[in-house]
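What follows are several structures.
What follows is a pair of complexes built around chain A, which joins chain B in one and chain C in the other.
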Partner chain A sequence: MKTASLSLRNLTRRPGRTWALVLLTGFLSLSLFAGSVVVMSLQSGLNSLEARLGADLIVVPKAAQSKASFQNIFLQGTVGAFYMDAELLDEIAATEGVAKAAPQTFLATLKADCCSSRLQVIGFDQQADFTVQPWIVQSSSRELGPMEVAVGSSISAGVGESIRIYQKSCPVVARLSATGTGLDTAVYCSMETMKTLLAAAEEMGVSHKVTADNSDGVISAVYVKVAEGADIDQVASSLASHPSWKTAVVQTRSMITGVSDGLAGVSSAVKVLIGAVWALAFVILLVVFALLMNERRREFAVLRLIGASRRKLARVILTETGLVCLLGGCLGVAVGAALVFPFTALIESTLNLPFLTPSWGRILLIAALSLAGTVLMGMLSSARTAWKLSRVDTGSILREGN
Partner chain B sequence: MILKADSISKRYFRPTGQANYFEAVKPLSLTLASGAVTVLMGRSGSGKTTLLHMLSGLLTPTSGKVLLDETDLYSLKDGALSCLRNEKIAVVPQGRSAVDTLTALENILLPWQLCRKNAPVERAEHWMEALGIAALRDVPAKELSGGELRRAAIARALCQETPVLMADEPTGDLDDENTRLALSILKDAAKRENKTVLIVTHESEARAFADEIWKMDGGTLHPEQ
Partner chain C sequence: MKKVSIPACFILVLSLLLAVGCATFLGPCAHEDGSVGACFWAGRALTGIGAVLAVQAVMALAVRSGRIRLGVYLSMLPAALFGLLTPGTLFSLCGMASMRCRAITQPAGMVLSGIIFVLACAGAVLDLKKNRKENP
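Here is the complex of A and B:
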């Protein structure tokens, strides 16, 4: 029976004690893993949102009311639509400091048979666009054809399948990568396809503020790229200074900053919580291991008596701790995964922040680090006891109670 | 194999009282010969167990040396001394001395399994049989009585196959019949296997099994007339 075998027997033949320690260390690992995944998902969501928006400014009708409601379409997937005169596009494009201006038209559909909820359909001008096309290119090498659509990652239909919108079959030719925002539930199509869908809606008796006939005359938003060297604030101010336009200008930077501030708050809270759990758990483990090992002083004295060196004794104690922490760590990671991954949508809507789960590679790395951290903390908390125990006078312990 | 104590003593620090230390064992010398049973008797607190612990490599003397043949036990590093204890000096300590999570047989084989290879299961079973605990082979140590544990400890020391065997009150929890049995087995082991056997006891019956009897009194050692 080597050290590991002796440790293993000690653990398996004291199941109550072992499971209590496993649960304690599992709690540690759970807090570290789940907390880290949440913080990293929020950070990934923010990065992704920043990349996806792609524009410096977004001009929307005042009807969009405020930046906050506009933000809801992006962050929470709230389905909505608002319109303004399409002629404004040329005026916006002609404004000093504007390098690019691309219109988009929003359509909030009724229930489509691909999804259980309403769809946010976004029509975009493929010639002028600079915000959607770069993402479509990652999935499809060509432009969207008539009735073809690109879907966000949360739409259930895949490439090669079709979705039905107002009884029209729309082949999915591209699937955009996840952003962790409401954009993942959107369907993108060309302006021509949008017109066909509006006509189909009219045929079905569904009325929208925008129709097939007037769709050329209205748009929902204009995405603006500011010219190199131009001051974004100044361009935003110029665009906002036309009361007759009845538009609002949203700076994506400020939208991102708002989200970023929220994220910083949540991240800090999660980090403080993880720190508090770990500090508390370290003290608890320190006390628990000291008590448990003290209770087993005589057992360790017997091992010394029959020839276990101090090093071997410490190895027995640390192996036991290591095995407990490894098991607890795995359990904590598994429970953490079961608590976080099925509820990402709920977490996102509760926090009202973009939430993009990291890649599997990163998740595995977080799991491995959480496991290593748990084992390391367990070893550290029992190392002091192991060191003290291996140096006590064996003779004195053997005489105790006689 | 000869075990020799050369002017060893043990003082314990004592913060209260007239002196600031307590001399549990005063400087003494002793030689234990192989193939013989030495019985060490004396009243409680006379220093018997302290002497046994020093002789077995468990307690560093305040002064003097303990030599096993030519090896000075306390000049060895912990790893080497532990190894020497495992291979050369078996000890039956006072009180419970089993690992509760292991069975009686696993406890008896533990010294082998901890440091050596090819644990002698048949030999362990032989000693269990001889000491009347064969039926307890697979019983967890925590379920054994004091007397059963004591016999298991004696079996473990015998099974350890060391040239030196020391037993501290080995018959403490045993009835008269088992006391005689345990002492005769220890005596037999000394003769047949040429072991150096030291028994620390209050038991007057041990005199009958001794080749040499020493008495401790107030930390000093006297040969019994």
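Here is the complex of A and C:
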């Protein structure tokens, strides 16, 4: 009889024992797969946030910092708006060390009919912008026209549909690629469209004026790219030192560092958890295989008597373990996928960190490595048993029963 | 001694989770203005589907005849499929992916219904094999 056939029969004859081992190894592969996907998604989310911020400094009204709303708009998709006088843009752009300055205006909608919830609308200057435009270019090759909007990946409205914002119909012309950040829940439009929407909001009683004679309009943030060779800290302090501006300067580096610290904490916790599960599972597998050895000594002694070589016996055990680990590994990966991928939005909001699922290629690689790791672990833990069982003293074992 | 059908045990637990969960901790949220959207009715439909599947699972556990149990397992398949399609396909949900109905109710309903579908298939195949062995 062939080794694989004998191993398969051994496994199917004792379904209870086989399923217990499958579940144990499944748990092993589930922890490795799900844990690795979560850690990699967090890393991808951080990289995406870094790429999307694009600027060195962001100038916002002082109120934005005190409400902690600016960072929340990026990370959690919190809806919020704060304004400063648009005249400040020219002064910021003229500050020494500033290479580029691009304004953005935020508008928080009332309940939008598309989404049963409030939406964050972000207006940007299509000529000056260097943060949103490169992202939009990936989905749409042309500029946004009057009243046209681009939506983040978390909004279900598709291209060709329209969103009503403050009673104004805005056709969706692009859906942006996912970033894993709060930016996925926002709607993007040109500054001209934003002016129309602000006027519509004003008509409905939602005021955005900084002062009563705020004729030049308002902006919410100015994204600043520091000139080559200029010191970011120095530019930040000169931008922050204007007492009349009533603005605060956010360094994107420190924002990313803050997120990165949070990510490092979660990643370490997940890694420790994976390590603990694997160490525990290895010990349990060693004990299980040692117990099985005692239970199956007579079975292997009989096999030796009817002519099975020691090498064949070792191969039978290793094949059994391999098959059990392969089945358990596949089960673990499937359960891990069912637990992680459908719940990414929940994981993102619970961890409060950017969360971007890796590409399918990388996910398949993680699945293959998890499977390989599970099979290897199973083989290692049964190797000692295989070696011992293949060296059974046939005579003494068979006499034990008499 | 009568052998307990393992897939039916798992289906009973999962369908109860679907029924109770979608009416409580897995259910969609109420809108800010107190109005009720399609997602609310999707949650109600999932609760109903979960209850039906739970009754079917109890029947699968109670009956002695393998043929009747096979029929019960087969009848679970369309119900589970309906559960799979209810959130998002047959009933529309909120537009924002971060909303509770899209972040919790939809994935939970689909995952639970999907697993119940697979278990019902497994139960049907096992019973079919058993029936063939007993009545060749």
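Throughout what follows, the second predicted complex is superposed on the first by the 379 of 402 C-alpha atoms of A that agree within 3 Å, B and C clash if a C-alpha of one lies under 4 Å from a C-alpha of the other, contacts with A are read in each partner's own complex, and residues count from 1 in each chain.
Here is the rule we go by: a residue touches a chain if its C-beta (ideal position, glycine included) is under 8 Å from a C-beta of that chain, and two chains touch if they have at least 3 such contacts.
Please read these numbers as outputs of a predicted model, since none were measured by experiment.
Student: Tell me which partner A:307 touches in the superposition: chain B (first), chain C (second), both or neither.
Tutor: The answer is first: A:307 touches chain B but not chain C.
Student: First (chain B), second (chain C), both or neither: which does A:243 touch?
Tutor: The answer is neither, since A:243 touches no partner chain.
Student: Look at the residues of chain A and decide whether chain B or chain C touches more of them.
Tutor: When the residues of chain A touched by each partner are counted, B comes out ahead.
Student: Have a look at where A:158 lands relative to chain B and chain C in the superposition and call it first, second, both or neither.
Tutor: Touch status of A:158: no partner.
Student: Tell me the contact category for A:343 with respect to chain B and chain C: first, second, both or neither.
Tutor: In the superposition, A:343 contacts chain C only.
Student: Mind working out whether A:398 is in touch with chain B, chain C, both or neither, as first, second, both or neither?
Tutor: After superposing on A, A:398 lies in contact with chain B but is clear of chain C.
Student: Quick one: is A:16 in contact with chain B, with chain C, with both, or with neither? Answer first, second, both or neither.
Tutor: neither
Student: Would you sort A:229 into first (chain B), second (chain C), both or neither based on which partner it touches?
Tutor: In the superposition, A:229 touches no partner, neither chain B nor chain C.
Student: Tell me the contact category for A:205 with respect to chain B and chain C: first, second, both or neither.
Tutor: The answer is neither, since A:205 touches no partner chain.
Student: Just chain B (first), just chain C (second), both, or neither: which does A:361 touch?
Tutor: After superposing on A, A:361 lies clear of both chain B and chain C.
Student: Looking at chain A, which of its residues have contacts with both chain B and chain C?
Tutor: The answer is that chain A has no such residue.
Student: Flag every residue of chain C that touches chain A in the complex, lowest number first.
Tutor: Within the complex, chain C touches chain A at residues 31-33, 37, 39, 94-99, 102-104, 106-108, 110-111, 114-115.
Student: Under the touch definition given earlier, write down the residues of chain A that touch chain B in their complex.
Tutor: Against chain B, the touching part of chain A is residues 1-2, 5-6, 9-10, 13-14, 298-299, 302-312, 393-395, 398-402.
Student: In their complex, what parts of chain A are in touch with chain C?
Tutor: 77, 111-112, 114-117, 119, 153-157, 184-185, 338-339, 342-343, 345-346, 348-349
Student: Which stretch or stretches of chain B touch chain A in the complex?
Tutor: 49-50, 53, 58-59, 78-79, 82-83, 85-87, 90-91, 93-102, 106, 109-111, 113-115, 119, 140, 156, 160, 169
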